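You will see subunit A twice below: alongside subunit B first, and alongside subunit C after that.
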Partner chain A sequence: MAKILSYEEKDTWIHELSGVTKLIFFLLWCLTSMLTYDTRVLVTMLILALIIFKISQTEWKQVGAVFKLVMVFLVFNVLAIYLFSPDQGTAIYGTKTVLFHIAGRYDVTMEQLFYELNVVIKYFTVIPAVFMFLVTTNPSEFAASLNKMGVSYNVGYSISIALRYIPDVQGEFTKIKHAQEARGIEMSGKASLISRIKNTATIIFPLIFSSMDRIDVVSNAMELRGFGKHKKRTWYMGKPLGRNDYLAIAFTVLFSVAALVVTFADGSRFYNPFG
Partner chain B sequence: MEPMIEFKDFSFKYRAQKEPTLRDINLTIMPGEKVLIVGPSGSGKSTLAHCVNGLVPFSYAGEMTGTLRVGGKNPADLGLFGLSKIVGTVLQDTDGQFIGLTVAEDIAFALENDNVPQEEMIPKVDEVAELVDVKKLLGNAPRELSGGQKQRVSMAGVMVDDVDILLFDEPLANLDPATGKRAIDLIDQIQKKKKTTILIIEHRLEDALYRDVDRIVVVGEGRIVADTTPDELLVTDVLEKQGIREPLYITAIKHAGCRIQAQDKPMHMETMDLESYRDKVRAWFDKTEGKEKRPDSASALKVEDLYFSYVEGKPILQHIHFDIKKGEMVSIVGKNGAGKSTLSNLICGFYKPTRGTICLNGRDMAPLSIKERGEKIGLVMQSPNQMISKPMIFDEVALGLAVRGTSEDEIKERVHQTLKTCGLYPFRNWPVSALSFGQKKRVSIASILVMNPEVMILDEPTAGQDYRHYTEIMDFLKEINETLGITIIMITHDMHLMLEYTDRAIVIADGHLIADDTPAKVLTNEVIADKAYLKKTSLYDLAVGCGIGNPSEFVERFIAYEREQKKAGKPDKREEEEMRADG
Partner chain C sequence: MKLKFGIKEVVAIGIGTALFVALTQIQIPTGIPNTYLQPRMAIMAFLAAVFGPIVGAVVGLLGHALGDAMFYGSVWWSWVFPDGLVGLAIGLFAAKYAVKEGGFDKKAIILFNVAQIVVNAVAWIGLAPLLDILIYAEPVEKLFVQGAGAFLGNILIIGILGTLLCAGYSKIGAKSSSLSKED
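And now, the complex of A and B:
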């Protein structure tokens, strides 16, 4: 069964941290990365992200498929920026160093390349943080953390329940797909894309119907055991914040503040090597 | 002593229905009693249970008259959550009931909802896990557990609340026979240890009676038709009238022309006093004829030296070999997870064998694609909901032909022909959603049959169906088998099915083929039954108890006799059903 982007238990201090800590880190990290275009800050973040990723012992097979997908988006993004605003770099940095001319208004400039490099680095600072957060956080513990931070436990539990039943639904999907293939519905590369999309319906409908049966059972089972009785609930997997959590949170906050101070010290969020 | 559950002149009507589902129910259950509730599908036995645990009327609304007291209180005052402190329900679908991401969390679920602090929760979970023997599994995810283990977790999950009543909704439905036996035993131990009141809803009477129960309540058409001790009940013909299968040894003794007496304690085969029946049973055995051997025909499906593993070094199937002849009806049995489904996946071509060959009519199928195999070997899934993808019956049955580019005229002709065979012709223009579960099952069989397969594989064809529907489906399959000559392979853990309807059982345990013999021989062989998590049939014990030297022959003759009777006596049920649909 595919275990892409799902929690895996490992013995590292990152896994030990509370879900709250990792959520705070994740949010602040992404925020900082979004706000800053300061190359010095971005490179520092990139190095830190890679170190953290390494410590979390995340393996390629856990994240590889998703990483490739993100790379495709990244390429599209970079090309689109160039296509729609080839002079963005010049507008930001105020100079224009043409390397060579392509056609019409499309020049390749140093400034544009540098600007797009920053975009690429931004991607690479966020990606490890996302992966690390997803594969090192126990979903139940995370639901507990969210609840502790004041989010309704219904939200947290929805995530847990989804994760609980995803493997079951995947198994069901495979079974139904097989049975329909045996009836002659072609799902492999032999069929044209359009007929494959049409054929998907013959799997999706049975899947929906059998999932609906399941939802009925699950919601009865939950109610019969008192889910939703009180405004609050406790958590078997809840984890109180420890020393490492406070340290990690403190570090994250300080780092973000420092990064933003450095970024905005000169009144622009861009670092300008050309001026 | 105050009753634990008390129904007085109680009736209930679901909001969407015209007629009440339960009428004039008067039932008193005392603390610590163990009561078995039986009845055919649609009799109202589940509704009765839902009234006790509060799903009726809090989740399924309707009108009630009369009074109901649970734990001395009025359920209306307690609400669903209040009731959940008194009644713990273990649902039939143990997969659906498993809510937590791990065993420990699932057991703790009710405590979490009750705001029990973590430091009290952990020892409590440990304690209950110990009681049902899942302590070692606390960190496991549901997909790593067997059906029996999941059920035990479900039990623990409701017992953490120290409930007074435990309600089991068809606890045997998803378990293989041996695991089912253990479940019944565990329920018995819990009752003895904790003095909990136990309600078991189950239509597999013989299996449920593996341990003593105090009373059996029979529900039929919304009323209580019997409420008595098992010994008293087995003497009457109430079960037969309600379409509930009585224990096989009871049927056999009745065939022998005996009247069973309650003082002989017929509740368990092992402890029943056979003195007054022995001679008649023996005489019956001597005069009854066995089954004729069917003539050997050509090979239909031949499996040779088959191996399969997902990961090298961890074989799922090893050295499997058998030869199924044309027109045979064969069961593949074994405990849950023994590799039965993998075998059917290999035959259909969903997986490729690591080694070995699968031949159809003597030709190796390895080069054939899934689609090509599907024209010769039809697969019917356990639940029709897993197959039906078109809103109209005609379109659903036509699907397999339509995607193969068959002409419209031919499709029409073949679909109509198949619908007639399956007794679905009157419904041909109906939407699938208007059909009952049994009829949907028939649609899913029709959608395979329309392709004229030579072999049909059915995964648990009778799962979750009561005796009447079970008989209907199986008689129908038998008919297809006999009239169309289609070879039928059934994957099942229903021992009655293999015994009554198949001539041959292929037994798989832990990836090995351990027997390939008549069901009667398999089910009278203790070693095989144990290994494959089957249960020795009670007919065996009866034969031994009556001093019959060849118990498996006794079983053979019993089955032959039953089939003979069925052929002679019963009118075609399907026609009745059609009339009902038309009317």
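And now, the complex of A and C:
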């Protein structure tokens, strides 16, 4: 079974922060990284992300497997960009400094390399933020904090149930898959496309039906305990935002605004060292 | 059409999202580069058909964002929103499919597939590349090829697996309420 990122308890101030604070950080961080192509901003974000990652005491064995997968995607993406559009850099920066020629329309230009470097840094600024959010946020506390922020507790509960049941559903998926493989159903690349779809269906059908049962059981249990009867509810894991939370949120907002101001100061989201 | 949002929907979003995330790991390569059949899309279409547009949209949004984050370590936002749109649009006709009541017949199958093909076209050939261009400023040709690939992969998997799931579940649902009064 593929190892996925999940919460692990540790004693750092990042773990102590409210889940909502980390969500705000995560969303604003992604947004800023999405909008900016300014190399100076991206490098600053990269350094900050690495520092935060270090402080959260995340270990390689928690994220290593996923990290390798991200690297594969990154390489494919960078190659695909070049394959489809070797002159994207020139189109953006307006100059063309050819380093050497490969074949046909494929030149290697400084502008293209610089543009793709920006794409790579963009990836690397987001990855630590995603890892940090997932491995340091306690799902129960997160749901409670969301509700404290004024989000409807139905929404909080949906998210909490999702996070709670991902390992269960995954375990069940693996169990069904092993059972079907024991019956001789081929799941690997050896089978043809149509038979692979059919074979996948032999896992998905039982999984769906047991999940539909689970939905019935869980919602009946909640109904019996009077879920949704009142407008408000209390939480075991909830905690109010503390001083560190406000500081972190303030920092995130200020940083994002500053980053965007710097990025768009010259009217373009790109930083042009060639001009 | 009335929008229902009760305990069942809360739980369906939760467990549906968990399903969607868990199934992120199955990707069937089609032989066309960068194009995979994603069974998780069929699951989302099924849940939308059973529980309606809100469940479909939230499972698409939340499931895609969480699944990508957990398995790939980064979230491709411009593809998260089209996924939510697909779930929403398929779910709009939930009452017409009547999956739970055993009413998923030929007419419902046609409606389900017309809806999914139209919304997939809008989402993957229109919305996703558009957001990609706005947000990521990547080369336009690459984005439209990727979008077209996603469109093909998704209509195939939802058309085959999604339809089968709805039909199968509809049959079981019908059995539990197929008692008729004896004279």
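What we mean here is this: the second predicted complex is superposed on the first by the 212 of 275 C-alpha atoms of A that agree within 3 Å, B and C clash if a C-alpha of one lies under 4 Å from a C-alpha of the other, contacts with A are read in each partner's own complex, and residues count from 1 in each chain.
Here, contacts are C-beta pairs under 8 Å (C-beta built on N, C-alpha and C of every residue); 3 or more make two chains touch, one makes a residue touch a chain.
All values derive from a computational prediction rather than experimental measurement.
Of the two partner chains, both subunit B and subunit C are touched by A:Gly228. Once chain A of one complex is fitted onto chain A of the other, the partner contacts of A:Leu35 are limited to subunit C, with no touch recorded for subunit B. Of the two partner chains placed around the shared chain by superposition, neither subunit B nor subunit C is touched by A:Phe274.
Looking at the superposed arrangement, the partner reaching more residues of subunit A, out of subunit B and subunit C, is C. Look at A:Met237: by the touch rule set out above, it reaches subunit B but stays clear of subunit C. In the superposed model, A:Ala201 makes contact with both subunit B and subunit C.
Looking at the shared chain after the overlay, A:Ser160 reaches both subunit B and subunit C.
Looking at the shared chain after the overlay, A:Asp168 reaches both subunit B and subunit C.
By the touch criterion stated above, A:Arg183 is placed in contact with subunit B alone, subunit C being left untouched.
Once both structures are placed on chain A, subunit A residues 1, 160-161, 163-164, 168, 201, 203, 205, 209, 214, 218, 222-223, 227-228 are touched by subunit B and, in the other complex, by subunit C. Residues of subunit A that touch subunit C in their complex: 1-2, 4-6, 30, 34-35, 37, 63, 66-67, 69-70, 73, 76, 80-81, 83-85, 88, 92, 119, 122-123, 126-127, 130-131, 133-134, 154, 157-166, 168-170, 173, 189, 193, 196-197, 200-201, 203-205, 207-209, 211-212, 214-215, 218-219, 222-223, 227-228, 269. Listing the residues of subunit B that touch subunit A in their complex gives 53-55, 58-59, 80-81, 84-85, 89, 91, 93, 95-102, 104-105, 108-118, 121-122, 125, 142-143, 157-158, 161, 345, 348-350, 370-371, 373-375, 377-379, 381, 383, 385-389, 399-400, 403-404, 447-448, 451.
Residues of subunit A that touch subunit B in their complex: 1, 139-140, 160-161, 163-164, 167-168, 172, 175-176, 178-186, 201-203, 205-206, 209-210, 213-214, 217-218, 220-230, 232-238.
Here subunit C touches subunit A in the complex through residues 5-8, 10-19, 21-23, 25-26, 28-31, 34, 37, 39, 42-43, 46, 50, 58, 62-63, 66, 69-75, 77, 135-142, 145, 157, 160-161, 164-165, 168-169, 172, going by the rule given at the top.
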